[in-house]
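All remarks here apply to the structure that follows.
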Amino acid sequence: MKLCALVFWWQKHNIMKYKSLIINNPEDLMFGIAPKPVKTRRGLEIGGGQVYAELNFTLPIMSINEGTLKEVYNHYREIAEGALEHAVHLNSKGVVLEFETLLEMTKTPSIGVEIVKIMNDICEEYYQKHGLASEIRLTPNDLREFERPALQRTSKFLEPMVELFERGMMAGGDLLSIESTGGKEVSDEALMMCDVKGVLFALAVLGVRDMQFLWGKIVSLANKHGKIAAGDSACGFANTAMVLAEKKYIPKVFAAMVRVISVVRSIVAMEQGAVGPDKDCGYEGPFLKAITGIPISMEGKTSACAHFSPLGNIASACADLWSNESVQNIKLLSGMAPTAYLEQLEYDARLMNEALRAGKMHCSILQQLLVSSDIYTDPQALILAPENVIRISKAIVKGDSYVANARDGALTALDIIEEALLSGKMKLPEMETSFLPIFRDDLNSIPDSENDFIAMMLPMLDPGKFILSEYGL
Amino acid sequence: MNELIEKLLEAVEFGKVDLKSPYPPQLRGQDGSFELTQKAIETGINPQLILESALIPAMERVGKKFSENKIFVPQMLMSAKAMGASMVQLKPFFASGSIKTKGTFIIGTVKGDLHDIGKNLVAMMVEGGGWSIIDLGVDVNADRFVEALENNPGAVIGLSALLTTTMVNMGEIVTRIKAQNADTKVLIGGAPVNDEFCRKIGADFYAPDPQKAVEYLNKLAS
Amino acid sequence: MKLCALVFWWQKHNIMKYKSLIINNPEDLMFGIAPKPVKTRRGLEIGGGQVYAELNFTLPIMSINEGTLKEVYNHYREIAEGALEHAVHLNSKGVVLEFETLLEMTKTPSIGVEIVKIMNDICEEYYQKHGLASEIRLTPNDLREFERPALQRTSKFLEPMVELFERGMMAGGDLLSIESTGGKEVSDEALMMCDVKGVLFALAVLGVRDMQFLWGKIVSLANKHGKIAAGDSACGFANTAMVLAEKKYIPKVFAAMVRVISVVRSIVAMEQGAVGPDKDCGYEGPFLKAITGIPISMEGKTSACAHFSPLGNIASACADLWSNESVQNIKLLSGMAPTAYLEQLEYDARLMNEALRAGKMHCSILQQLLVSSDIYTDPQALILAPENVIRISKAIVKGDSYVANARDGALTALDIIEEALLSGKMKLPEMETSFLPIFRDDLNSIPDSENDFIAMMLPMLDPGKFILSEYGL
Amino acid sequence: MNELIEKLLEAVEFGKVDLKSPYPPQLRGQDGSFELTQKAIETGINPQLILESALIPAMERVGKKFSENKIFVPQMLMSAKAMGASMVQLKPFFASGSIKTKGTFIIGTVKGDLHDIGKNLVAMMVEGGGWSIIDLGVDVNADRFVEALENNPGAVIGLSALLTTTMVNMGEIVTRIKAQNADTKVLIGGAPVNDEFCRKIGADFYAPDPQKAVEYLNKLAS
């Protein structure tokens, strides 16, 4: 059956494919175990009963140009070799290396492709010599935002992005991801204004449509080459909100809203055929796992190299890959920073894997500790507790439009936050809580129908900032 | 202090733009900074005084509250909007030269870099501090900075970068700017940047946050 | 009662004070709980039912001299402020900042004292403003090794060391430690030659005597000023061996021996009156805790910034403080590295504290996972499993001389390693196992009496390398 | 190849010092490198050949096994001892100039730093590679390096540092050495050091481990 040729009812009517959850029971939302595990070429079984480390890394302070290319390649070679050598030393069960490209590597796809090749050769060498299973997640960056207002569908930048995806997967980038930016033109300002309707418009209207466009392409490319369309995390939305909240620039309760709203945008990748592992940095993975059953990557305390986090432990509660988000290739006292972070990820993963080996009771106790150690410290943590993930996910799948899905999810998250406050289990300063009634009013004012919502929002948005037709509207 | 000035200060501090605006709840139904400025001008208050005794002190208070984590960005943005409404009224006086800002601040995110949340905050706070802002946006190369400087002699330049691979572009831009006019002050910022890097590339000041940038600029202006 | 004035039977006869364990049951060897907790000035209760983070840090690449002193001070100010600010943000229950001095700060004690003062002011500020409890562990470096052969008792370097201890504790360095180097002249070569008798001589003869000399001084200074004599870790021996084994320069089984032997040397601090928390980096803490009941600091996965480790999880099994060993004050993508490591330590500690809150069953399951995830990956991990710690500790306290104590402990560790190999639970390459019979023969050849042992060893050691009289021999 | 040479090579490779030495078990009771060298000289084998066909190749094998993690340091040290026993026999020929090492290597841990385990390993491996070694020990300042170089013109210098606060001392030492003789090659190492730092201070080569150092030195010598 050629999936991509068929157009389903839900696609035609622009509504969410999922009407119920695959995981209905909080106890079944567990690290290392996904109802639909993903098997990779070199034998990783992500979500198949084992948590693996996903190492992320980037260049130290330097330019990328003709003159430095050799040095750039050497950095990635050193990173991959250092990490895999140490993974062998630590008896690792398997590693994912995420290669998130920087501008120049996407603009000139041959650079990105060469880096994939270099790292894939090393993966292969360690596989052949030591039996270490590892794969590369290839994450081209979304170049389209270089034009303002962005031309989401007609941009000249789509060509190099697609080229990097295709040639990169052929070179050994087996897991395909991106942190696409559809809707960001609107959400950037909405984030700063704590405008929940603006964020919802950016994600549930613009984001969803852009994801449909982009992931249709990515999935068909992946299918063509027998590669794995993995997923797309709302980094520019949910992660940005978290970082802003950590800096105390916006309320944490708002960042929690943004995370929930981003679910309806990120799930579109799965609707288009992506199978996971979903990317880490938006933390919307647990909801995607509950609804669709795919395995997910998460990041928490061991991504303190990349940003501080209120979700250090709880983020791992149902992770299948455990990531450090990003670290520069610089020297620490022990050795290179990516190698050090690989070690930390491996030990975290070992603990979870030991629980998986020991059985259900051990898993559930470890998860309970991971969850309860963070749950009431921050509303963003609260909504990631398995029972809350399930409850919010159930609210999300109820509605008949992405807009309604997002709104209902956010309202349920609000309920959960208010209940925790009422019970006295969570404490928040008045500065935070004063936003709650505003969010509730705003969310309640959102109609079920996408068209009505668009009509409601357009007068309030700066028309110079985005182009509706670039979203098929 | 004059009562109108006091009210205007309050309107800007709490982000009351105009009569109709529902925010903040406690000032609902009252005049906003738009109306208050109009009235102040009508009653013959010196426009320079409006700027210096109401708008700038209000924004200073806002900046202080923000840096003490007592308010969030949206509150600060509302104040900036209120100040903007006031500036609309004051525009003719700027045009005629009867009032002056502290100077012009040209800001942009450097070539290859699209991160602008931080830069926008800095621009807003500096504007609140009484400076004219020219925001060149993101992905800005040396040519564009030099050009903007040519058109605004004496301006101070602010560079932002968030990537380890774009912060190096600051070096070239600083060199070009200093080549054009060695006296031009350049301040830089962005998460991966620090003091040491600032010295290395020959920029004049590194500010980890908008408050520090405003303090530095105000010292320059005084 | 003036303890320091009395001379006990065990002191006069130069034998170990401890004849039995305080903790006899492996289940009672638990993180966060020590039979003899230590209460600090600002209210930390180390070992009193709570695990705290102990943050370690050092300067980035730079010189320390007149011209850079201001910058040096700024680094420590920035580190302390960044860490404590973030600790408050993370609702930390308390933090220890370890200030391990560098050469110049001990040679010129006023530099070290000034840094203590700067950091103590910040601790006090956060205590007053936010109720955050924090203390400084002051660890002057042992300058005596700058002379070769070292003059352990007559060195002119003792004066600045003692001055830094005294003025530093008055400036707010409440927990006093050192990684003293008595015996290192002999052990350095013995380590490289995998000479277990040489190491035993260095630690159980020279090390013990130097510790008696040095810790007598430190404890009486601490008592004089009402400060806490904490402990002394065999860094230059056990940690060095671990780092060399990680590099595959010496066998892991040898590093395991060294760790056990170092116990009899480090315990002398407690005999002289030190009360803990013992320092982290030799990993001999669990044995000290079992035998003496003091709280201990440990380091594992979250010290990957300082060195790689085969003890990532298991090291925390009975930790009361959880440390990162050391990280330079450099910028990561999130912020300064010490702040990032503080976050990681806090989340690790939170998990253990959550177990402590949940009760005995949760603690024991979490500990079991921490232990079993590492135990059979490395002999150094194996001997740190609580039941093995107890078994080895029991062997250690049996004998009637430090030499016999060390020998018996090491032989028991050998037994444990061989049993694990025999059972098939642990696998080691022949390169490693071929050392085991050699170690057993060597250990068996060691007599009970210190004098006999000295007589046996002297002909085999290079007399130019150390001065017996400097050890009171 | 000559049988004696072959045996000597084996003795050094496996660390058999002399007849009496119990190590390694499999060669117990056999001649060690001390006796074998003596016999080789007596049978008139060219001392240069002994060095180049037995000792150096043996140590090369040892170095290779070590870098492939097939042996530990003590095995390598035993080989170094065996080579040392051989060198005692060869000493007169070095003194008379009838055999030559590849050159002289002056090594030390820089001022303020006492870490010497790594430095000692490097010294041993370089010696095994056929170089004369002058080990200045630890805590060595620029004066002492310069002095040693004066006494050994043409020597190559090796600097070791393990602390972030002592590695900077390498810079000064390099400058002083190059001032004395700009052609002197300086190589550096130690855990916190890297390539970039090497370039920055104007040293010639950074080696992360002894093997790389030997390779570089051998290239210099050839």
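First chain written, first letter: the chains are A, B, C and D, and each begins at residue 1.
FYI, a contact is a pair of C-beta atoms (placed from the backbone, for glycine too) under 8 Å apart; a residue touches a chain by one contact, two chains touch by 3 or more.
Owing to the predicted nature of the structure, the values given are computational and were not obtained by experimental measurement.
Engineer: Which chains, if any, touch chain B and chain C both?
Structural biologist: A
Engineer: Can you list every chain that touches chain A and also touches chain C?
Structural biologist: In this structure, the chains that contact chain C and also chain A are B, D.
Engineer: In whole angstrom, what separates the CA-based centres of chain C and chain D?
Structural biologist: For chain C versus chain D, the centre distance works out to 34 Å.
Engineer: Counting in whole Å, what is the centre-to-centre distance of chain B and chain D, each centre being its mean C-alpha position?
Structural biologist: Here the centre of chain D sits 63 Å away from the centre of chain B.
Engineer: Would you mind pulling out the distance in Å between where the CA atoms of chain A average out and where those of chain D do?
Structural biologist: The computed centroid separation for chain A versus chain D comes out at 53 Å.
Engineer: Spell out, as numbers or ranges, the residues of chain B touching 2 or more other chains.
Structural biologist: Only 164, 192 qualify.
Engineer: Of all residues in chain C, which are in touch with two or more distinct other chains?
Structural biologist: Residues 58, 328, 333 of chain C each touch two or more of the other chains.
Engineer: In graph terms, nodes being chains and edges touches, is this line, ring, star, complete or other?
Structural biologist: Other.
Engineer: Could you please write down every pair of chains that are in touch?
Structural biologist: Result for touching pairs of chains: A-B, A-C, A-D, B-C, C-D.
Engineer: Along chain C, where are the residues that touch chain A in the complex?
Structural biologist: 58, 86, 89-91, 300-302, 304-309, 312-313, 326-328, 330, 332-335, 337, 339-341, 343-344, 346-348, 350-351, 353-355, 358, 362, 365-366, 368-370, 372-374, 377
Engineer: Please give the residue numbers of chain D that touch chain A in the complex, ascending.
Structural biologist: 164, 191-192, 194
Engineer: Which stretch or stretches of chain C touch chain B in the complex?
Structural biologist: 331, 333
Engineer: Could you pull out which chain C residues touch chain D in their complex?
Structural biologist: 58-64, 102-104, 145-146, 148, 188, 191-195, 240, 244, 248-251, 328, 431
Engineer: Would you mind writing out the residues of chain B in touch with chain A in their complex?
Structural biologist: 69-74, 77, 112, 114, 116-117, 120-121, 137-139, 163-169, 192, 197
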